[in-house]
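The following pair of complexes shares a single chain, subunit A, combined with subunit B in the former and subunit C in the latter.
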Partner chain A sequence: MQSADHAAAVEASRRQDEGGERLRARMAAAFFAAVIAALALVPVLTGNTSFAFYLMLWITMASALNIVVGFTGYLPFGYVVFYGVGAYAAGICYKVLGWPIPLALVASGVAGICLALLLAPTLRLKGVYFGIVSLALATIMRLIIANLPSDITGGSMGLILSSSNNPFASYYAMLLVMAATLLSVLWLAQSALGKALKAIRDDDGAAACIGIDVPRTRLVAWLLAALFPALAGGVEAWHTNIIDPEYAFHVLITAKSIVYAMAGGFGTIIGPVVGAAVLLGIDHVIWQKFPLINLLLLGLVIIALMLFLPRGIVGTVLKRRPQLRRFIA
Partner chain B sequence: MSGLLLQGIINGLIMGVIYGLIGAGLNIVFGVLRVVNFAHGEFVILGAYFAWFLLQALGIQPFLAMPLTFAVFFGVSYLLYFVLIPPLAKADDPEISSLLLMFGVSISMGALMLLVFDADARSLSFEMEPVFLTFGPVVVPTVRLVALAAALMIVAGLAYFLYRTHTGKALRAIIMNRDAVRIVGIKVEQLSAIAFGLGIGLAGVTGILTALVFPSFSPFVGADYTLIGFVVIVLGGLGHPIGAMLGAILFAVTEQVASIYFNPSIATICGFVLMVATIFVRPTGLLGRQALR
Partner chain C sequence: MLKVEGLQKRFGGVAALRGVGFHLPRRAILGVIGMNGSGKTTMLNCINGIYQPDSGSIRLDGKEIGGLPVHTIARRGIGRTFQVPRVFSHLSLLDNLDVAQGQMGLSAAERYEASSYWLNKVQLFGLRHNFAEELSGGQQKLLELARIMVAKPKVILLDEPFAGVNPGLAQLLIAIIAELPREHDCSVVLVSHDLTSIYQLSGHVIVLNEGTLLCEGDANTVRNDPAVIEAYLGA
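Coming up: the complex of A and B.
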């Protein structure tokens, strides 16, 4: 009799958990849909798409990074390598091989996945070791590309994709990439795979004990986290028509992705979107008002954020108002 | 041919000891505080600017400026510790948060130095007679040799402090086991501030050495030094103060010898490949132990 009661209670609490999860997922989905819809309207309503384009780029970068940091606990300092390789893959396929743009963008995605497979053995490492090795590998990749014959990569001048200019189409291509990233994060948060990843992040030994295939699960997250920045790199190259070897592998791209995601809150679904929007907005205002001290103020904003909101914006809100946990994931 | 090789090895040793000092400063801060000091390179450059200022404005020679720089950097960062570091304890993952915090510090410092000193590359206009010393086929600038001697003295002093004094032993004890150290009654908080001051003081002094050895410095090269610092401590063993020295010498000699035979960027690739390969063979670095993680 007692065990039946107990089973019913367990069943009820499980159902409540599931209900809460569904509600949170729906809230996040609604939020994402609103963001995507608003960004889709920008080129129609205003002529100035530059800010919105980079907002989408950074939402993509921060959310994709969240897949690997928030779900698996790995912090790749050399994250920019996927972005840079994606940009170069698109550029080389378009300029040297003469492929059409859509095919070149597919190539940047494929290049990102291939590179992630190549770097997959580094997932054996942990913590700061993983981060530094990742940074070193990104530097190696940049130097290799810089040393390739210049009729392929353009050498230190980079590549110029002059005839491909189409700001309108490339804007919507970036929107597509961002939407795909957000959908993946949303799906991951609810799927068995996402739960397995969080279990591995918290305790990989225990996760292996309950039958999770740790290396394979990690690899899937790693590949997803590599695919989207590679696509974003390809689309950005198309949008600006320029691939600059210094910029395409710049540490600041990794750093900004991390900072934006962290500002929102790693491990939350909507955090990186909020973080990217808020910080990019601040950055934009600073640029317009105080171009000279732009970097100084950005640095101070990051310091203040870490000192006063160490869990990120969304993470801190959830900590202060736990009742919101019912709605926000 | 062998003269060139010898020259490369000598250059590698000189740079290795300096890289090692950069790594040692980073390693003390990381080992004791678990803070990933991403702004270390900026403090190195700031040290170079400080020496430049002392030389230009007050006529103080760089080698005399070293103790002064150390004292000033130690004092300021000892105080800075209490502003920056304790709030990090509230974060879910203090290590990653510290990285981001120090990244903010790094950007701000780079920007401030740019505002104050402009973007042009500066150099310490300091020479010694004779300018070059010749040992058979090897030619070494005298300043580099004196800088090497100064660096070795700093390393010796650091080793003495860490292994022979009470405070130094307590710092190493914190690196080994933070919790146990609290139980035996060591004041972790105050020692952490000392470690922060020591790490950044070392960065300032190392900055003067880099300004003597490398031709020039500018506000935004700090990140390069930070990267090298991390590479050498990961190579040598995270949290192991002397391991950094070994890793740095290995890294710099590889890089310098490779730069004789290939172009500079291939030489850099060689240095990094060495680090990545080492990590795959010994995942905790050359001298690192699992217990440190």
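Coming up: the complex of A and C.
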């Protein structure tokens, strides 16, 4: 009889523990749904979509970066390369090959994935070396593109996609990319794969010792983390009609992705969304009120964040208030 | 079950293993003792694939596993713990055990059942939602043992399971290890400096010295071997 009691007790605590996990996932899903719904309404309610468009772009960039940093512990300093290659793939397919925009955007994603596969051997490097090699490869990629025949890439002048202009459609394309990114993060956080990735992040050697195929598991995160910025790069090129070779591979894009994700909290699900929204909001206000010293002020805000909330906004809240771990992930 | 022959491993000029071998029968506990630097950890690292042995053979159930990747060897049924515990510090205790069953094709309920069984066994069930980093060093060693046991291994390699564990927890560990062969059909390679527990647990003991086998035999034989007394106990 005792074993029946025991089985019932195990079952009860399992129900309770699983309930907690499901609750967290539901809270995050609800939060994401609210963000997506609010952003979907912006073009309908106001004529000014610029802020919202870039908010979506940065949420995508920060959340996708979180997949590789938060779930595997690798910090790719050359992260911008996926975004730049996505932008160029869309631009070249549209402008030079004459493909329709939807197909050109698919090409962005494919280009991002191909590049990630090409760079996959670097995942065997240890953390710091990986970061530096990734930065070097991003620079090389920029040089290659800058030196391709200019009737393909537009050379140092870049590409102008004048006839494709459709701010409304491109806005919703970005919304779609952002939603797909958030869904992937949500799925990952719940899946066995996500747990394996976090185990790898904490100790890759020990992870291998419990049967996790470390290089293969890391590769999945790496491909996801490459796909979304590549798509975002393609959509942004469509939205602005311009691909500028300097900007498309600018180290500032990597830096912003890192800062936004960190401000919210690497490894938390909603952190990068919160971080991007808060910092972009602050940036926006500072820019309007103090146009001359805006970069200085933004720098101070970021330093203050790192000093006082080293785990990011969401990460710090969870550390200080463990009871909230039941609701927020 | 596990048969190791002529294992050699060099690190630059240092010959860490110079032809070590042993046979671990099914459901046995093999004790491994030896001074600091005698090659005990290196031997475990070669068996589970962390290091590629320079030569020698390692067979599990008659099949050669030497040179396979670490995760493949783990999936074939060899689990190990570390001299300094290596838990997944930012995963909860439950997730530490859950992730170790990721390759077994079990349902979430089955995984939970195994996790809660082993967490209860090592008396950590009450802390199951804590991050592993919030455990004491000794508790982390218990968690590591639970983490390999949920995967139902055929052979486990324990590297100094009692080091840094207070006497109370060590007693618990000894009791758990003692019943692994019979209750969980698991064979154990037990590396330890704690001679008392080795003699208590192991039917067969091997003594390593500078990468070679100094002597082997049952606990009593080893305890009274003059070469061991001289080299190991420094008497």
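We adopt the following convention: the second predicted complex is superposed on the first by the 314 of 329 C-alpha atoms of A that agree within 3 Å, B and C clash if a C-alpha of one lies under 4 Å from a C-alpha of the other, contacts with A are read in each partner's own complex, and residues count from 1 in each chain.
Here is the rule we go by: a contact is a pair of C-beta atoms (placed from the backbone, for glycine too) under 8 Å apart; a residue touches a chain by one contact, two chains touch by 3 or more.
All values derive from a computational prediction rather than experimental measurement.
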{"item": "First, second, both or neither for A:A136, with subunit B first and subunit C second", "value": "first"}
{"item": "Which of subunit B and subunit C A:D203 touches, first, second, both or neither", "value": "second"}
{"item": "Contacts of A:K195 with subunit B and subunit C, given as first, second, both or neither", "value": "second"}
{"item": "Touching partner for A:L125 - first (subunit B), second (subunit C), both, neither", "value": "first"}
{"item": "First (subunit B), second (subunit C), both or neither touched by A:I286", "value": "neither"}
{"item": "Partner chain(s) touched by A:G211 [first = subunit B, second = subunit C, both, neither]", "value": "second"}
{"item": "Subunit C versus subunit B, contacts on subunit A by residue", "value": "B"}
{"item": "Of subunit C, residues touching subunit A in the complex", "value": "48, 50, 69-71, 74-75, 79-80, 82, 86-91, 94-96, 98-100, 102-103, 108-109, 112-113, 116-117, 128-129, 147-148, 151"}
{"item": "Subunit A partner contacts - residues on subunit B that touch it in the complex", "value": "30, 36, 84, 87-88, 90-93, 95-97, 99-101, 103-112, 114-115, 223, 227, 230-231, 234, 238, 263, 265-266, 268-269, 272-273, 275-276, 279-280, 283-285, 293"}
{"item": "Contact footprint of subunit B on subunit A as seen in their complex", "value": "69, 75, 121, 124-129, 132-133, 135-137, 139-140, 143-144, 146-147, 251, 255, 258-259, 262, 266, 292-296, 298-303, 305-308, 310-311, 315"}
{"item": "Of subunit A, residues touching subunit C in the complex", "value": "10, 13-14, 17-18, 20, 192, 195-196, 198-199, 201-203, 205-214, 267, 325"}
